[in-house]
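After the C-alpha cells below, expect a handful of questions from me.
Note that the chains take the letters A, B, C, D, E and F in the order they are written out, and that residue 1 is the start of every chain.
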Amino acid sequence: MALANQRIVYLNGEFIPESEAKIPIKDQGFKFGDAVFDTTRTFGHEIFKLREHLDRFERSMRYLKLDAGHSVDDFISITEEVVRRNLPLIANDDDYWVTQRVSRGLAEGDREAWPDWPDATVLVECTPLPLAARAKSYRDGIQVITPSVRRVAPEMASPRAKTHNYLNLILGDLEVAAQNPDALSVLLDRDGNLAEGKGSNIFLVTEGRLKTPRERFVLPGVSRQVTKELADKLGLVVEETDIDLFDAYNADEAFITSTSFCICPIQSINGRAFSETAIPGPVTKKLIQAYVDMVGFDWYAQYLSRLA
Amino acid sequence: MALANQRIVYLNGEFIPESEAKIPIKDQGFKFGDAVFDTTRTFGHEIFKLREHLDRFERSMRYLKLDAGHSVDDFISITEEVVRRNLPLIANDDDYWVTQRVSRGLAEGDREAWPDWPDATVLVECTPLPLAARAKSYRDGIQVITPSVRRVAPEMASPRAKTHNYLNLILGDLEVAAQNPDALSVLLDRDGNLAEGKGSNIFLVTEGRLKTPRERFVLPGVSRQVTKELADKLGLVVEETDIDLFDAYNADEAFITSTSFCICPIQSINGRAFSETAIPGPVTKKLIQAYVDMVGFDWYAQYLSRLA
Amino acid sequence: MALANQRIVYLNGEFIPESEAKIPIKDQGFKFGDAVFDTTRTFGHEIFKLREHLDRFERSMRYLKLDAGHSVDDFISITEEVVRRNLPLIANDDDYWVTQRVSRGLAEGDREAWPDWPDATVLVECTPLPLAARAKSYRDGIQVITPSVRRVAPEMASPRAKTHNYLNLILGDLEVAAQNPDALSVLLDRDGNLAEGKGSNIFLVTEGRLKTPRERFVLPGVSRQVTKELADKLGLVVEETDIDLFDAYNADEAFITSTSFCICPIQSINGRAFSETAIPGPVTKKLIQAYVDMVGFDWYAQYLSRLA
Amino acid sequence: MALANQRIVYLNGEFIPESEAKIPIKDQGFKFGDAVFDTTRTFGHEIFKLREHLDRFERSMRYLKLDAGHSVDDFISITEEVVRRNLPLIANDDDYWVTQRVSRGLAEGDREAWPDWPDATVLVECTPLPLAARAKSYRDGIQVITPSVRRVAPEMASPRAKTHNYLNLILGDLEVAAQNPDALSVLLDRDGNLAEGKGSNIFLVTEGRLKTPRERFVLPGVSRQVTKELADKLGLVVEETDIDLFDAYNADEAFITSTSFCICPIQSINGRAFSETAIPGPVTKKLIQAYVDMVGFDWYAQYLSRLA
Amino acid sequence: MALANQRIVYLNGEFIPESEAKIPIKDQGFKFGDAVFDTTRTFGHEIFKLREHLDRFERSMRYLKLDAGHSVDDFISITEEVVRRNLPLIANDDDYWVTQRVSRGLAEGDREAWPDWPDATVLVECTPLPLAARAKSYRDGIQVITPSVRRVAPEMASPRAKTHNYLNLILGDLEVAAQNPDALSVLLDRDGNLAEGKGSNIFLVTEGRLKTPRERFVLPGVSRQVTKELADKLGLVVEETDIDLFDAYNADEAFITSTSFCICPIQSINGRAFSETAIPGPVTKKLIQAYVDMVGFDWYAQYLSRLA
Amino acid sequence: MALANQRIVYLNGEFIPESEAKIPIKDQGFKFGDAVFDTTRTFGHEIFKLREHLDRFERSMRYLKLDAGHSVDDFISITEEVVRRNLPLIANDDDYWVTQRVSRGLAEGDREAWPDWPDATVLVECTPLPLAARAKSYRDGIQVITPSVRRVAPEMASPRAKTHNYLNLILGDLEVAAQNPDALSVLLDRDGNLAEGKGSNIFLVTEGRLKTPRERFVLPGVSRQVTKELADKLGLVVEETDIDLFDAYNADEAFITSTSFCICPIQSINGRAFSETAIPGPVTKKLIQAYVDMVGFDWYAQYLSRLA
C-alpha cells in the first residue's frame, strides 16, 4: 500500500513512510483536537529558527498540561533527521514546512485496541510549500476580509497556544470563502479589534509606523517577531496595540506575516485599497528585502518565480 | 497486529477491526479538530433514540458545512450493523456508547500519501460504557465545580454543534481535576451563567420546578430533551433560562443529564450541598424512575450494581 | 428651476414641489442626523397602516425628546393630502413609499440666516417604489451576508427608534457590497445574535416554527408585526428570541420583512442555502399569500411582473 | 429672500449666501447622517491648523468610503476664500468656526428632482464663535456630568471619525441638560472609562501628570494633540490611557480641549470638585498660557472679556 | 448611658436597649460588609409577610454560606417579640421597619478581646418609618435618575442577595444626589437595562401592561412579588423582562415598589415625564388601591396625611 | 467586662480598650459596608510607609465622598500613639498590622439612640501579625486558585478603593476554600485577566521580566509599588499589563505582595507548578532580599522562624 519514494514521518519513535503515518481513531488529538503543534519552514533547504518555534511549542504544551516526553533538544534532533531524509524528495528550488505535533494520546478507557500506544502521540513531518498557489498573492497582494465570527477570547482558550482546535478560525474561512475564494479571513477579537487569520498575523503601516495586534489576542508568530526586529533595525517604530477597522481603512500599507508567507503584502481589507497602491508598498518592500537578507535566501523571488 | 476478538469499526465504507481503524496524520479532523460527532448508547443492547441523535449530528454538520456523503438513513443502517457485530463482545449486563464521526478528510495539498482517501472521513464505532467507574456517582452524587475558564461564546463557535474542538472544556477539566479528581467541571458562560460540562447538561430543582440553561449556550442534549418531556408528563414545570450560582446554591436538588449518564444526581456545587440532602433527591428520583420506565431498562440499577 | 409635473412635498406647513424641498445646511437633522422618520407604502394606491407607523414615529420622537408640533392626526391628514397630490404622477400599477420626517430644526445660534424657520423641521414625502430593481429578489431570494461590524447596542442608542443616524448600518452595507453588490447586509448584535439590516427584519423558519430577533435589538417593523399576526392566524408559532448563525445555517427557510418588501424570501445566509431549496419555501409562501389577502392587493405579483 | 450682508457659504462649487445654502431633503447626509465634517477656528482672524484638520477630515471620509472629489489642497483654497469673504462681517475681536462637510449626496433613485446635484455634497462654512455664552466657563470652570448612556463602541462605528451621526452624544446631552443645563456631558465608553463629550476631549491632571482617554475610543482632537505637544514642551508627562471615575474623583485638576474651547478648566465631575480648587488650576493655567503663546493670540483673554 | 424609653434590639440572644446595641469593630459584618439582612414593615402595627421576608433572608445566607444558628421559626418569634416591645414607643398612626441581620461574626484571629462573642452576629431591630419625609413623593411622584455607574453583575456578586455591601448602589446615589437631592437613583445593569435603586424595584406601565426587570439582575422584592400578584388579580399582564431607557421614555406610567414604599408613583425618568401625567397614573392608582385592600390598612392615606 | 492588659484602640477621639471598641448597629459602615480602611504593618516595631498608606486611604475616601474630619497628619499622630501604646503587649520578635478605618457614621434617621456619635466613625487599631500561620507559605509557596467568580468591574465599583465591601472577594474565597483550605483565591477580572486576591497583588516572572495586573483592575498595593521600585533598582523590567492564565501557566516564578506578606512565593496556580521549581525562585529570592534590606529588618527570617 505504501507509495514509492514517499516522505518519511517521525511517529512515536519511528521514522516511517507518510502513508503509514496514521493515528488511532480514539487518539484524543482526533476526538477532541486535544493536541498542539508548531511549524517552521526551510529556506533553500535550511531549517529556520527551529529553537524559537520549539520554545513556543513548549509554551502551548504547558498551557494545556501536555507532556510530550521529549525535550526541545530531542525535537531538534528528530526534526533535523526528518528534514534530512525528506530533502532528496523535492527539487532544489522547493522548500518544506516542518511540523511537530503532540497529542494527549489515548485515554485510559480507549487503549484496548492499541495497548502499546504511548501516553502522548508525537509526530514530526514535512510538507512541500505551495509556492505556485501563492505566487499571485506576492504580485497582487492578498485580499483580506473580516468575517462576522469573532476570535475566541483568551478567557475561553488562549489564542497564544497553537492547538488542533481551529474551528473558530475555520468558521471565519467559510464565511469569507463563500464570498471570495481567493480572500484571506482575518477575524476580529471580541472587542472588535483585528486579531488574526488561520496561521497569519497582520501588520498595518501608517505614516511609516507599524502596528500589529497585542499578543494577548493572537498567536505570537515567529515571523511577526522577526518582522518586529527587522523593523527595529530599519529604524521603524512598531507598536503592539489594539487596532481596528478605522486603522485598517486609513493605513498606507498592510501585510501579513507567517512562517511560510514570511511577509506578504495585503491588497485590500474589506475591499478597501490602501492610500499606498504599489504592491508591495515601500515600507513592506523594505521589510521583505530585510527579511530576505536576514535569512540569506530570496524566498520572495522564489514565490514570484512560480507565477504562471 | 490485530488483537483477537476485538471490536469492529466502520471506517469509510469498510467494517474493520478497531486496531486497524486509523486516520492519516493529515486528516483535518486531527490537524484542526475539523470534525463533528454524535453519540448515543444502548440500553440492554438496544440502541436509544438513534434518529434524534443523527438529526442533531446533521445540524452540527450543517453548521460547519461538512458533507458526510451519507444520509441519516445510511447512518442508521451502518450504526445498526456496527452494534450488531460488536454486541457479542460484551456481557449481557454491559452496554455500549455508539458513536458517529465525520471529519473534513484531507485537504487538497495533503492527499499525496493517501490518494484514495475519501472527501470526508466517516466513522461509526462502539465503546463499552464505564459502568463501574461511575457507580459511586449514582450512590453519592457528583461533585460539581465551576472552573474559572468560561465556555466559548456562540459568536465564536456555537456550543450547540458537537465537534472535535474540546479544548475549552478540557481547560475546565484541568482546573477542576487539579483540585478534585472526582469532581465534574461545569463551565459558566461568558455572562456568568451555568453552561455545561464535557458532554453533560445541568438541571436545578427549586420548589419543585426544574431549570436548565438556555440552548443557545449549551449542547442541546437528547437526554436533556428526554428529561424535559418526562418532567412534563410528571406535571413538573421546566424552564430553559439563565441560571447562575445564586440559583445553584439555593437549589433543593440538582442533577446532570447525558446520553450515558441519563440522569445522575449532583452532590454539591462548589462544595455547597443542597437543602435536599437525600441522594437522589425526591424530584430527581421520580425523574430517574420515569426515565427507566420510558426506556424499559433499569440503567440506574445497572450502574448501582457495579458498586464495589 | 422646478421640474415640470414633479412630486409635491409637505415641508413646514407648505405643499411645495420636491425640487424646492430643501433644508438649511445648519438644520440639526443634517448636521447631526438629529431627526427621526417613519415610512409606510401604498398598495394599489392605498396607504397601509398609517396610524401604526405614526404611533411608532411618536415613540421615536419621545425617545429623542423631539417635539414635532403636529399630532398623529395632523400627520394623517397631511400624509393623505401628500399622497392624493402625488398619485396622478405614477402609473396605475406603481406604488409609493410614504414618509414622515421630523428634525430638531435650527439651534439657537444657527437661525440668523433663516430667522423664520420653525422649531422642528417637518416633512412628508412620497417616493415611487423600486419594483423592477427588486423583482429578481422575489424570484431568486435575497442573498444575506453578516458583516463584521456589530449593530449599535441599546445602551448607546436604541435600535428601536427609527432615526437619521444610519452610519452603523451603512458600514455593514459597505462591507457587504464590496463582496457582493446584490447581497443584503444583516448585522449581528453585540452578543453575536442576528439583528437587522437597513430597514428590514429577518425571520427564520425551522420545523414550521418562526423565529425573529427580540425587539430590544431591532426596529420593531410594522411588517414584522403583521407577519407575526398572520402566522398566528395560520397556526404557526412565532418566537421573538435570540437567534444566531447556528440557527440560520440550520433553518429550513428564511425571509425578510419590511414595509416595502412586505415579505421577501432569503436565498442564503453567508452563502449557506437552506434545507428547503424552493424559493419561496412553503411556509414563506403561505405567509406571502396571507399577506396579499390581508392587504387585498397582490404586491407579490406586482413585484414579479417587473422581471425583465 | 436673502438677508442683507449675510455670510457666504461654499456649496458644490459655488459661493452663495447662507440663506440660500440648502440641501435637498433626499440628501443622504440628511436622511442617514451619511456625511462627515471637520471644524477649525480663527484666532484673531487667522485660520488655525487647517491642514491638520483636513487630514483628519480625509481619515473620516476614508473610513466611510466617501469621495469628496476635492483634494486637501482644494479644501484649503476654498476654506481660505470662504473665510476671506466672511471676515468683514464680524468685529475685529470676534472669531469664526470654519467648517467643511461632505455628504454622500443623492442616491440613484433620489435624483429625479435634482438631476444636476453632484455625487457628493460639499460644503464650507463659517459660524461666529459664541464667546459671550462661554465666558463664564473660563472663569468658573465647566461642570461635567457623566450620563448613563455609553459612547458607541468602535466595533459599531468608530468614534475617531467625525460624522453627522451624533444621536449617541445627544442622548447624553439630554440626560445631563435635564439635571443641569449649564453642565457638559462626557460619556463613558462601554467599559466605563471616560470617553468624550460632543466635540470635546477631557484631560485629568494628577500629581503633575496628564491623562487623557485612548484615541481608539474618542475623536482625536487637534487641540488634544496640541495640548500633548505643549505639555511635552513644558516637561509634563502625558499618558493616553484608560481613565475612569476613580481617576476623575482623585484628580488635582481637569480640563477639556476642543477646537473652539482650546483649553477650558473643569470645575467638577459629577459634583466632585478637585483637590486643586483654583480655576484654572496651576497646570491648566500653564497649558493655557503655552497655548496662547503658541497661537500668538490671547483667546483666553478674548473669552474672559465677554463676562457680563 | 442608656436613653430613657428607648427601643429594644435583639442582639445575640438578648433584648437590649438600642443605645447598647453595638458590635465589635472587628465583626466581619463591619470590616467586610460580610453580612445579610432583610426588612419588612408593620401596617397599623401588624408585621407584613414576615415569613416571605425570612425565606428570602435564608436565600441570602445560603448564597454567602452564612449560618445564623437560628431557624426561620426562631426569627419569627424573636421578631414578634422585638416588635411587641417597641410598639408602645410609637404613635398609633406610625409604623415600623422590622429588620433581621446576620454577620459572619469574628474571625478566629479577632476574638481575643471578645472571647464570648458567638460565631454569627444576629440582630433584630425596629426603626420608625419616615412617613413625613416621603409624603411629597406620593403626591408628586418620585424623580428617577439613572446614574452612570452600573449595577454589579451577577457573575461578580448576585444582586439577589440582600447584603451589607451597598457601595455600588451608594456610588449611584452620590452621582444622583449631586444633581438633585430629591431624586432616586436607579442603576442600569451591565447591559444597559434598568436594574434597581437602593432597596427599590421599578415597574413601567405601557398600554396597560406592566414590565419589571428580570430577577437575575435585581433583588426580588417582596412588594414586587405582591404587585405582580395584585396585577394578576386585576387582569393586568406583568412581564419580567429586559427593559431599557427606550421603554422608560415611552412608558405611560411608572412606579417603584419596596417594603416601606409599597407602591410609589414615579414622576419622571431622567427628566422625562410620562404620557400619563396624572400622579398616580390610572394603573398605578388601581394597584395602590388593591395593595391597600390586600393589607387591610390604608398606608397610602397614611403617607399623604403627613404632607406639611 | 474589659480584659486585663488588652490592646488600645482609637475610636472617635478616644483611646479605649479594644473590648470596648464597638460601633452602633446602625453605623453605615456596618449596614452597608459604607467605609474605607487602610493597613500598614510594623517591622521590628517600626511603622512602615505610613504616609503612603494614608495617601491611598485619602484616595479611597475621595472616591466615596467620605469626610473623616482628620487630616493625614492627624492620622499619623494618632496611629503613632496607638502603636506606641500597644507595642508593650507583644513580644520583641512579633509585629503588628496597623489599620485606619473611616465609615459614614450614622444617617440622620438613625441617630436617636446615639445622639452624640460623630458624623464619621474614625478608628485606628493594631492586630498582631499571624506569623506562625503563614510560615509554611514562605517555605513551600502559596497555592493559588482562580475561582469562577469575577472581580467587580471598575464601572461598578473601583477595585482601587480599599473599602468595607469585600463580598465579591469573599465569594472567591468560599469557592477556593471548599476545594483547598490552604489555597489563596486570586480572582480574574471581567475580561479573564488575573486581578487580585483579598488584600494581595500578584506578580509573574517570565524570562527575568516581571508582570503584574494593571492598576485599573486592582488595589494598588504599597508593597506592589515597593516591589516595582526594588525590581527597578535590581535592573529588572516590570510591566503593568493584562496577564492571563496562559501567562500564569508559562511563568518561571510567581509571587504575591501585600503589606503583611511583603513578598511571598507562589507554589502553583490552579495546580500548575512553575518551570522554576525552587521556592522561592531566583528572582523572587533576590526581591525578598532587596525588600529585607530596604526595610532594614529580616521579616523573611521572622516568618520562617515560626515553622513548627
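As a convention for this text, contacts are C-beta pairs under 8 Å (C-beta built on N, C-alpha and C of every residue); 3 or more make two chains touch, one makes a residue touch a chain.
Note that the coordinates shown come from a computational prediction; the quantities given were computed from them, not determined experimentally.
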Centre-to-centre on C-alpha atoms, which chain is most distant from chain A? E
Measuring centre to centre with CA averages, how many angstrom lie between chain A and chain D? 45
Calculate how many whole Å lie between the centre of chain A and the centre of chain E, each centre taken as the average of the chain's C-alpha atoms. 58
Any chance you could list the residues of chain F touching two or more other chains? 65, 149-150, 153, 155-156, 174, 188, 192, 245, 272
Hey, which chains are touching each other here? A-B, A-C, A-D, A-F, B-C, B-E, B-F, C-D, C-E, D-E, D-F, E-F
Listed in rising order, chain D residues that touch chain A in their complex are 59, 62-63, 65, 153-156, 158, 160-161, 216
Contacts from chain A onto chain B in the complex sit at residues 3, 6-7, 9, 11, 17-19, 21-27, 29-35, 37, 64-65, 101, 103, 109-110, 112-115, 123, 125, 127, 130, 149-153, 155-157, 163-168, 170-171, 174, 190
Any idea which chain C residues touch chain B in the complex? 188, 191-192, 242, 244-246, 249-250, 272, 275
Chain B touches which residues of chain F in the complex? 145-150, 174-175, 178-180, 188, 192, 245, 270-272
